[in-house]
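Naming follows writing order (A, B, C, D, E and F), and every chain is counted from residue 1.
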Amino acid sequence: MVELGLEPLWQSTGLANLEWGQALMMGVGCLLIYLAVVKKFEPLLLVPIGFGAILTNIPLAGIGGSEGILGYIYTIGIETGVFPLLIFMGVGALTDFGALIAMPWTLLLGAAAQFGIFVTLLGALALNYIPGFDFTLADASAIAIIGGADGPTAIFLASRLSPDLLGAIAVAAYSYMALVPIIQPPIMRLLTTETERNVVMQQLRHVTKLEKILFPFAVLLLCIVFLPSAAPLIGMLTFGNLLRECGVVERLSHASQNEIINIVTIFLGLAVGSKLSADKFLTIETLGILALGAFAFCIGTATGLIMGKIMYRVTGGKINPLIGAAGVSAVPMAARVVNKVGLETNHHNFLLMHAMGPNVAGVIGSAVAAGILLALVGG
Amino acid sequence: MPITDLLLSGVNLMAIGMGIVFTFLLVLVFTMKGMSKLALLVTQRQGGVEALSSQPSVGGREQVGIRGDLIAVITAAINRYRMTHS
Amino acid sequence: MVELGLEPLWQSTGLANLEWGQALMMGVGCLLIYLAVVKKFEPLLLVPIGFGAILTNIPLAGIGGSEGILGYIYTIGIETGVFPLLIFMGVGALTDFGALIAMPWTLLLGAAAQFGIFVTLLGALALNYIPGFDFTLADASAIAIIGGADGPTAIFLASRLSPDLLGAIAVAAYSYMALVPIIQPPIMRLLTTETERNVVMQQLRHVTKLEKILFPFAVLLLCIVFLPSAAPLIGMLTFGNLLRECGVVERLSHASQNEIINIVTIFLGLAVGSKLSADKFLTIETLGILALGAFAFCIGTATGLIMGKIMYRVTGGKINPLIGAAGVSAVPMAARVVNKVGLETNHHNFLLMHAMGPNVAGVIGSAVAAGILLALVGG
Amino acid sequence: MPITDLLLSGVNLMAIGMGIVFTFLLVLVFTMKGMSKLALLVTQRQGGVEALSSQPSVGGREQVGIRGDLIAVITAAINRYRMTHS
Amino acid sequence: MVELGLEPLWQSTGLANLEWGQALMMGVGCLLIYLAVVKKFEPLLLVPIGFGAILTNIPLAGIGGSEGILGYIYTIGIETGVFPLLIFMGVGALTDFGALIAMPWTLLLGAAAQFGIFVTLLGALALNYIPGFDFTLADASAIAIIGGADGPTAIFLASRLSPDLLGAIAVAAYSYMALVPIIQPPIMRLLTTETERNVVMQQLRHVTKLEKILFPFAVLLLCIVFLPSAAPLIGMLTFGNLLRECGVVERLSHASQNEIINIVTIFLGLAVGSKLSADKFLTIETLGILALGAFAFCIGTATGLIMGKIMYRVTGGKINPLIGAAGVSAVPMAARVVNKVGLETNHHNFLLMHAMGPNVAGVIGSAVAAGILLALVGG
Amino acid sequence: MPITDLLLSGVNLMAIGMGIVFTFLLVLVFTMKGMSKLALLVTQRQGGVEALSSQPSVGGREQVGIRGDLIAVITAAINRYRMTHS
């Protein structure tokens, strides 16, 4: 017979079972949604992540558990690494590498900005001097990749090297990507002179269809030769880009750019959110990760700018060093910020297209960095 | 592992890592330059440069173009309609 | 060497292996498709369910077995509960709760109509007095939810409480939802006076965007506090609705309303159909379930109407009691029926918008009822 | 379990169930009323009521609106065309 | 501590680990992509297959292994047979069987062309006389189905009968389907006289909606009665076609024709490509398969044409025998080739619509042949 | 299994296989003819032949039709616009 007492009824309510940590994490979820909806912070990811955080912290329901829908999605999509790789395919299909092909030297800006990753790695290890922190080399590598300013790369690497920190790392990565318009401009103004910011770059040359088709093969070839551990990421990115550029598979290109990436984004977000459970997230380590993330973005921006200044010198003033800041990735936000800061100084100086080169170079750069960390730490 | 050793590993990682990143992207620069030259050769030999070369500007996609046309046409239709209606 | 005799050849034909029960179930499948195509009975579900029933009853092919495509789909999508939850996400993304927000009191109509569920539960248990019936409390609960007039809720609950009855329950739920225009009007005319049906309700007030964004949080909050066992259903419903209303994730909202719900509907229907195998469906229990389903719809309609009459009295005639019939859910069919019966009495009385309030309230109401049954019976 | 006990359990379930359903939805009524008041306050304080308030009617969606516009424009264009053509 | 020596670094490069076989297979992948992009050979399949071949042969990365993304996709989609069946559903939803319904006798042309399958089966077995070949009956059946000129059928059967040969079989099937415009015309000119090719066929009669709705049921009924082993293929094909023709499930029909088939095509192609690993593909058997595939296409075309000539005689010259060549399937390429060869002889003789009948009949014919092979060899 | 036996099995398979393929498709021919007659009967009895019969030509789909209309309308609008503009 079904028990009727008020006690068992009360015991099945959330009120009786809610722990303060869960309530707090639901608050964090609401905050992420607030930032996404009102402040327009990367809403495509932060709305599902925030809602996933709420759902996973509901007591008794077990939505994020091994028998819950978010648990299933996490196991199938994130633990296997499939979802971030499909996002990378979609990113490849959505990205026009034309600006990069027109100015291959801007790849160096994308390389320099990865310095943020490795400095942050040191920072994470140094945090171990503070009691309460105990980051392994794998943890530190997963945290450091936040400096790559590339969401799917961060999720992919964290799922491989440090699944327990995945929630905090993903939240930090997407939050700072959204904060790029606030973090970067002061650093840009600090490190460049007005003369430098004033540089008007010459118009980009035409890029032929053949170059665009060969480009993914060139990138993949180098990846195969030098760094096969980055091949899953680079492989799916270049596959998506080939679908886009080859011109004979419009149906598949469209599916990658729309259906697949949209569906995966919803599920990826929910599954990442399911890692924002109180016991995993409400730790001192999360604070460290958030601090290190901000640090990583600043360093990456700075080293990108410094490389920009070097190229400014070397080319005799043909390169506007501001575009170095776009090397951190955070596509296309960082390129837009460059454009905006450029316009502040010179109302006729549109740097958007020139900044797209280092911007997409940053994506390749952080995938390369992820491959290195996987090869040397993940083994 | 003691923290000092960890930090040493980290420094090593940074050295190797930035080394590979720069090497990789630097080699990619030259690969792309070679690729572009090759593409230019192939395209020129085929004569029909126009056929293979993409749009002048880097950004635009076909779909956008179509929508743009549609909007232009409709705008024109509206204006026409309003003009003759008033 | 491959055997050539006519005997083994004959043994590999369907004709030699077809059991009468399988033939009958294929007939049932054809009937469902006929009703869907010719009579327009919930075609989006009944076409795949009917075809799934045909496929699963083909002898030797094993399409619905553990190695067949329908078997795989069932295991992945229904046993886990994932498909009905994704449908709920899509329903949330497709539903405008504005009418309900404008008239929150109509939630009570959605509450009253759930009476049909619990009366049917008693009915199912009482059937045990008839030899041949042996419904457990879990079976009875799964059957009773047919009275909720909500397909995915019924499938979700049946997959959890009584998987063997899932086929019959799903077929009954969708069939009666399609029969709403035939079942409801006589009851509506019987229980209301012409004066009552004549009531013209005042126009709905404006609903702000902010209210629409806050609404899913309000519903989810109560669910968390009072009834976490309903959180998977309510959670996905409100998530879908937030995607729709928040206005910053148009891509994801579109994917929920189209790609995801369409793909899942095809697979859900086929998988449900695969449960219409002769041995599971051709039992005396199925007849009982079909009878109880009709009973449940009638009771739910009646109690919704009675609550409507109470509100008519309490508000001094401002509420047209007909809209109470829409409280059974069956969105948007029940609301359309209310509109039609209202127009019969008064040619200028359009009740559609006012009936949408109780109609979507019924969805929430039956999800709540499902949560209660899960919490008290499913443990 | 004997059928009588089952039925008793069923009656209990009904009592609890309808009780919770009504309680839940009744509390939701008041929550929604509170929420609407809050929303009104927030919206008013932000001044720009128009910016945040949705369409007057409850049903319509943007897409429908756009399609509606498109059809209206095209209809106008057709009429215009026919008028001037004949 | 992370090892810093140059030796371990070198050991993690692809250059140090690349075997010549892998390099060769990457070349094969590039060749497939070249044929797809430049020569427009079935690009929707050959681009993903080619790229999958490249990815799976990257040393160390293990993308096609049991923990790699292509390995997961293969296990979930191909080993289960789900992906080819979903493609068949999409093909059903995309195919208008009207031309076949208007001229049911053209089904015999689709039957005759399947002769290529069974002759090839003998050919594959006869190859065993050559040292190095050791095809079982199952292998030979899987190879023979290439003669069906239907990609998903070939993949489905190969995944069931001979998974090790799947890569080579799929590549051969799609390559020869793309080569139809080169393979078929000489055979067509050789086997038909100019008088025969000159035959102008009368216009097709109207086909009612009801006939189109009943058609899938008729095909499925025969499949159930005579050949249940073909039911998965025929069942999904007719399901997709019913979604298309029934007219009440536009959403589901659209999803089958677009989202589902596009997404599955990408994944199917990648997963098939992952079977192009050096150790599986670079064998003498692959050469045999490629030779047998060409052979199969030629025989199928010839027997289709001969049946066309018989029908030309029997009908007193009303049937243009060229349409027999379309009986091999390869929809819609073969029908277009018929049209082109017809126009060569008579500039006003458009055979496209008449060739669509045998063309889609060929799809049914090879699904039937696949069912027979499954029933007699697959047991 | 010796190759000769394999080949014998193959010949058997061919005989059975082509037999079934032809039987199957031949029966399908007659089934379809029956089906078409049935459909004609049903359609005629329902009177509204036009309502149920599909488009005359075999190929076209509704969507294409709609798009065709749209393009026609827009083309007309453009022409109209140009004509009155010049």
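Things to note:
Rule of thumb we're sticking to: a residue touches a chain if its C-beta (ideal position, glycine included) is under 8 Å from a C-beta of that chain, and two chains touch if they have at least 3 such contacts.
Fair warning: this is a prediction, and the values are worked out from it, not measured in the lab.
Distance from subunit D peaks, on a Cα-centroid basis, for E. Here subunit C and subunit E face each other with different sets of residues for the most part; under half of the interface numbers are shared between them.
The greatest centre-to-centre distance from subunit C, using averaged C-alpha positions, is reached by B. With each centre defined as the average position of its C-alpha atoms, the distance from subunit D to subunit F rounds to 43 Å.
Here the spacing of subunit C and subunit D, counted between their Cα centres, is 19 Å. Each of the following residues of subunit E touches two or more other chains: 2, 137, 226-227, 259, 376-377. In subunit F, the residues touching two or more other chains are 1, 9, 13, 16, 74, 77, 80, 84. The touching residues of subunit C, counted against subunit E in their complex, run 2, 12-15, 17-18, 26, 30, 33, 36-37, 40, 43-44, 47-48, 51, 54-55, 58-61, 63, 68-69, 72, 258-259, 262-263, 265-266, 270. Those residues of subunit C lying in contact with subunit A across their complex are 80-82, 85, 137, 213, 217, 220, 223-229, 231-232, 235-236, 239, 242-243, 246-249, 251-252, 254-256, 259-260, 375-377. The residues of subunit B lying in touch with subunit A in their complex are 1, 3, 6-7, 9-11, 13-14, 16-18, 20-29, 31-33, 35-36, 38-40, 42-43, 49, 52-54, 56, 58-59. Of all residues in subunit C, only 96, 98-102, 104-105, 107-108, 110-111, 114-115, 117-119, 121-122, 125-126, 128-129, 137, 140-141, 204, 206-212, 214-215, 218-219, 221-222, 226-227, 353, 356, 361, 364-365, 368-369, 372-373, 376-377 touch subunit D in the complex they form.
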